[in-house]
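Next up, some structures in structure tokens.
Both of the next two complexes hold subunit A, though its partner changes from subunit B to subunit C.
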Partner chain A sequence: MALRNSTSGPVKTVSFHQNWSAYAFLAPALVILFLSLLLPAAATLLMSFTDVSFLKPTNFVGFDNYVKLFNDTRFQQAVGNTIHYTIGVTFPTMVLGLLAAVALNQKVPGRMAFRTIFYLPVLTSLIAAAVVWAYVYEPYAGPLNGLLTRVGLPPQPWLQNPGLAMNALIIMAIWRDFGTAMIIYLAGLQDIPNDLYEAARLDGAKGKDIFLRITVPMLSSVTFYLLIILIVQTFQVFGAIYVMTQGGPLGSTETVVYQMYQTAFGYTEFGYGAAMSTVLFLTILVFSIIGTRIMRRKDA
Partner chain B sequence: MARLELSNVSKSYGAFDAITDVSLAIEDGEFAVFVGPSGCGKSTLLRLIAGLDPISDGAITIGRDDVTRKPAGTRSVAMVFQSYALYPHMSVYDNIAFPLQMERRSKGDIRQQVEKAASTVRLSTRLKDKPAKLSGGQRQRVAIARAIVRKPKIFLMDEPLSNLDAALRIEMRTELTQLHKELGATMVYVTHDQLEAMTMADRIVVLNGGRVEQVGRPMDLYHRPVNRFVAGFIGSPPMNMLRGRVKAIESEYHSFDVAGIGTIVIDGLAERLKIGEEVVLGIRPEYLAPHPAGSEPLIKIGVVPRSVERLGAQTIIHGAIEGQNFTCVFAGDQAVEPGRELSVYCDAANIHVFDAAGTTVSRK
Partner chain C sequence: MTDLAQPAAMERQITTRGRGREFPRFDVMNVIGYLLLLFAALATVMPFLWMVSTSFKGDQEIFRFPPSFIPDGLRWQNYIDAMASPDAGRQLVNSLIYALGSTVSNLVFCSLAGYALARMQFSGRNVIFALVVGLLMVPAQSQIVPVFLIVQKIPFAGGNDWLGNGGTGLLNTYWGMILPTAATPFGIFMMRQFFTRIPMEYEESAKLDGASPFTIFRRILLPLARPSLAVLGVLSFQSAWNDFVWPLILNSHREMATLQIGLQLLQSGPDARWNVVMAMATLITLPVIIVYLLAQRHVIDGAVTSGVKG
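The block that comes next holds the complex of A and B.
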């Protein structure tokens, strides 16, 4: 095995023997990576071509699981729900995160306190937060309906109405995630040289122009990064659904990962679940590659 | 173009006085350079003129317009920043067009103005490029074009050449001077480099500790500095400073006892020194010669060179007299050896005398 040395001049090759210490230092990380990531991923891929289950002997089924998956209306509904959730969470989270970051990047009194308060939901346990929000949405004793009643509006069955349940989950996710977006945007804002704002002020630009022509474009790398991580993260939503709705009512909050969990661990159809997992993995991979490409092109 | 006037301008940050009571008039079309060491307040003063920071006291007038309380964008000033402050996500065209777009000018007008400004700074072929693709000098020119396009009353430049390499700095220095002539603009230029100040300025404003030390034409500052600070700051290598004491005064002549040299006699000083008073004598390194030359009385000084720099056109000798650095600049390539004492000569008429407070003792 040989490595190419990319220095200028004649191409040199460096033998494995000469680089053994580099490989020795990399080895522990490579072993962990192999055991925790590559091995399970390969096992999942293999499983997706079988009908492995605790209840019967395992058979190789080729692409049957995938054919079944693409004809499964329940899976299609789960994909639709996942897209609804992803769009519903990602964009408002980014907009609110940006606005909060811009506001708290100014020298306003109490800005450190506000930054901490906005970031606190990110630090809370997801399960604990989901239990609290389940209480908030509780139709009879929940504080949200209590508030609605007090201002003269009818109470709503937030998590029991198929038309409302997904939006209720989205609101909770925005509450939980926008602190992350805010912190990342704040870091991005602090990277923008002050000279640019001063030059823009001297050039006659005012608040709106400065925000739209300087701040937003200067944050485009951060925005792309956030977009990708939020899409990847929301595609994998599971915990909140598991605690608050179990995919209901009428499958209206059943997302791909929740359905995958149900299929594999509820119905013990591990092969079919593995096929779902593989499709999800490939989808996320595509988004990640697109994101990385765009980022690279922007940096070039 | 317009006249710029600062009247008793002060700026404080809490208890720290960055600028103290600066009054100054820069004439229409003049190229004024603010020069001084780091932290002297020159960039702060420029920012106050630009309106980027509010002043604590005083008034700023541009033309007939009192702009003291006006926001930055409405003062009709353009600024070229040390970092260039180009918008990295915009093309060269959009960078130059930005101020006009903010004025909501028509697209046709903007295109015409941008092309004209780009042509002035020789960037017509790079309009579609992003700043990252340009060299340091080209970025500098974009920043200048962005300033030109606004047709401001005053151009402000904050150390615009400090990020360029030495060769490019000399080239841009000439270009900026040329541009000033072409535009006939009032320019205020900040630098810590006295060479830039000397070569570019119509008038130099020397700042120190937030105060104006002296305002004058470059050669006035060189030949007639008002105090020790200006004398030491203007000129390179800096003026040699020798500590001494007034020994005797006889009619037109002052005798000084100078440590490490002996007695130096100077005539024609205003008689306001007292016998025994401490003074500092200043001698520019370039006014020292390796041979007796010039009008009498010549002062002979013995110096032991510690190091010798041969530049071809000049020989620079670094030595010390009584622990104080002493530098000589001789024309041409001189045969001087480090460690071997040599005698250097100076015309007494070229010696500056500063009193104990550092103020220049004027000559009759």
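The block that comes next holds the complex of A and C.
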């Protein structure tokens, strides 16, 4: 899909006029991409070697920010939290998405209603979702503790307990993301030739065998693609934490992007924030490159 | 004719029409499976139901524990309070300007660029396309620091000199907010993929008649692209309407706050009341859900092509 030269053979002679009008078509978009993505990416890299901030003149500091970063226990905690969050969200989201997709790929009564319901959280704005879940988790008036009390279990300080807060955020993220996984899996299921199922059934295969031997292997590239986009997305979690916990309690939900935001805009240490940004960017880039390769192979 | 022109991704509707298996025989496993499905659906809508339920509760009622699911009465006053809360009208206007500005600029800029990349011959085409694909991979959230500085240092804006120093640039302006999202690699890529699939014959006769590239684009290809533009439009609107990060970082003035920022301010404010907060959350969520239900088919397909948004 991606880099193929689509319309015709190799470009041979292109007149000045043709170039001029093509660039006129491209110019506005390219200027914006330059200002919003390309220049920032380059600027981040440059800034990460300086101590730029609001307060004092800028100096070149070499790798100081990176050295500081890798010895910074707070940053290490943030990396650990981010990995915890990413793993905690990604796998359940994919399993639930797959199960929902397989179930709703059959002629189940109310199929479209189920799909719409499972997709609703995806449409909700992150902030609205976070605000609603902050209420769900509210310790003294929230519905979750209300439910626990009704069934005779002790209420929990969901977002106030360092041992629970991250898991509470993870549950909300699964709720919000598994509709996406479902939709992508549904599309993947559509691409599996029906003949495979018919042949298997003629051979007397049972439902479980069909699922494990045909459905799951045939969905492997979709699964991998989904894994990558979920990792890339969850790695950048910010809004939910900003609204629900502000990184607390005791830094237990402080993730890399949240810490970066704090460092740059809270403490105005832009240089140090840029070093964090670069590390984050390179990490995500690795996953993105893998993801793009899969997408290209899938579409080719 | 239009059907021919529609990209395959949009044709590939997500239904099982004609090929799905019949609902399997009635047995215990299926009953359990269906019950699980019902349970999952209930668990998924529960937060929404609580949101709506709480939005109708009274000021004392919200502190009752355990909270009752059915409110004592329908207290519409919460909605009036939410809308009358200081700045709410202003926030709605800001959100609309931001979302519409971002949507319109994406539609214009991405379709222009996508058209050039798909159907025009020029030197450097492959390099530029490779660049766009490469930029697809740049995570926006990792760029919050430099984008802030760039928006602040736009020359001649907000009291800046020609080097971009001295003033606040485009911070706290609509232009500044729209700029980082005014064209996206995804939008360009999507429009390029669409224009690639339209046979060249469509524009050949117009070319022979001496029509300019812009006329061909405007009169022949853009009308064919309506389904793709609809997807791009809905996705752009949705992502700007729901956006939190850029308005948060690029605006510090209260009067530039969007609804999302407003909701966060309302919830974290000193006199936050859950019933009013939930009324506000309901008001913000509703438009997106309505747009989605109206454009369901296109949007879902677009979301599949794009991967995860938001």
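The criterion applied here is as follows: the second predicted complex is superposed on the first by the 257 of 300 C-alpha atoms of A that agree within 3 Å, B and C clash if a C-alpha of one lies under 4 Å from a C-alpha of the other, contacts with A are read in each partner's own complex, and residues count from 1 in each chain.
Heads up, the rule we're going with is that contacts are C-beta pairs under 8 Å (C-beta built on N, C-alpha and C of every residue); 3 or more make two chains touch, one makes a residue touch a chain.
Just so it is clear, the structure is predicted and the values come from calculations on it, not from any experiment.
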> subunit A superposed: clash or fit between subunit B and subunit C?
Replying inline: fit
> If you stack the two complexes on chain A, which partner ends up touching A:Leu196: first (subunit B), second (subunit C), both, or neither?
Replying inline: first
> First (subunit B), second (subunit C), both or neither: which does A:Met218 touch?
Replying inline: first
> Just subunit B (first), just subunit C (second), both, or neither: which does A:Asn161 touch?
Replying inline: neither
> If you stack the two complexes on chain A, which partner ends up touching A:Ser53: first (subunit B), second (subunit C), both, or neither?
Replying inline: neither
> Touching A:Gln77, do we find subunit B (first), subunit C (second), both, or neither?
Replying inline: neither
> Does the superposition put A:Thr44 against subunit B (first), subunit C (second), both, or neither?
Replying inline: second
>> For the three-chain arrangement built by superposition, which of subunit B and subunit C touches the greater number of subunit A residues?
In response: C
>> Looking at A:Thr268, would you say it contacts subunit B, subunit C, both, or neither? Reply first, second, both or neither.
In response: neither
> Once the two structures are placed together by chain A, how many degrees is the angle at subunit A between subunit B and subunit C, based on Cα centres and rounded to a multiple of 10?
Replying inline: 80
> When the two complexes are placed on top of each other via chain A, what is the minimal CA separation of subunit B and subunit C in Å?
Replying inline: 10
> Between subunit B and subunit C, which residues of subunit A are contacted by each of them?
Replying inline: none
> Contact residues on subunit C for subunit A in the complex?
Replying inline: 12, 14, 16, 19-24, 29, 33-34, 37, 40-41, 43-48, 50-51, 54, 62-67, 69, 105, 108-110, 112-113, 115-123, 125-126, 128-133, 135-150, 179-183, 185, 188, 193, 196, 200, 212-214, 217, 238, 241-242, 244-245, 248-249, 260-261, 263-264, 267-268, 274, 277-278, 281, 284-285, 288-289, 292-293, 296, 300, 303-304, 307-308, 310
>> Could you list, by residue number, the parts of subunit B that touch subunit A in their complex?
In response: 50-52, 71-74, 77-79, 81, 83, 85, 87-90, 98-99, 102-103, 146, 150
> What part of subunit A is in contact with subunit C in the complex they form?
Replying inline: 1-3, 5-8, 11, 14, 18-19, 21-23, 25-26, 28-30, 32-33, 35-41, 43-44, 47, 96, 100, 103-109, 111, 113-114, 116-129, 131-136, 138, 140-143, 145-147, 149-150, 175, 177, 179-180, 183-184, 186-187, 190, 194, 197, 207, 225, 229-230, 232-233, 235-236, 238-239, 242-243, 257, 260-261, 264-265, 270, 273-274, 277, 280-281, 284-285, 288-289, 292
> What residues on subunit A touch subunit B, complex-wise?
Replying inline: 193, 195-196, 198-206, 209, 213-214, 217-218, 220
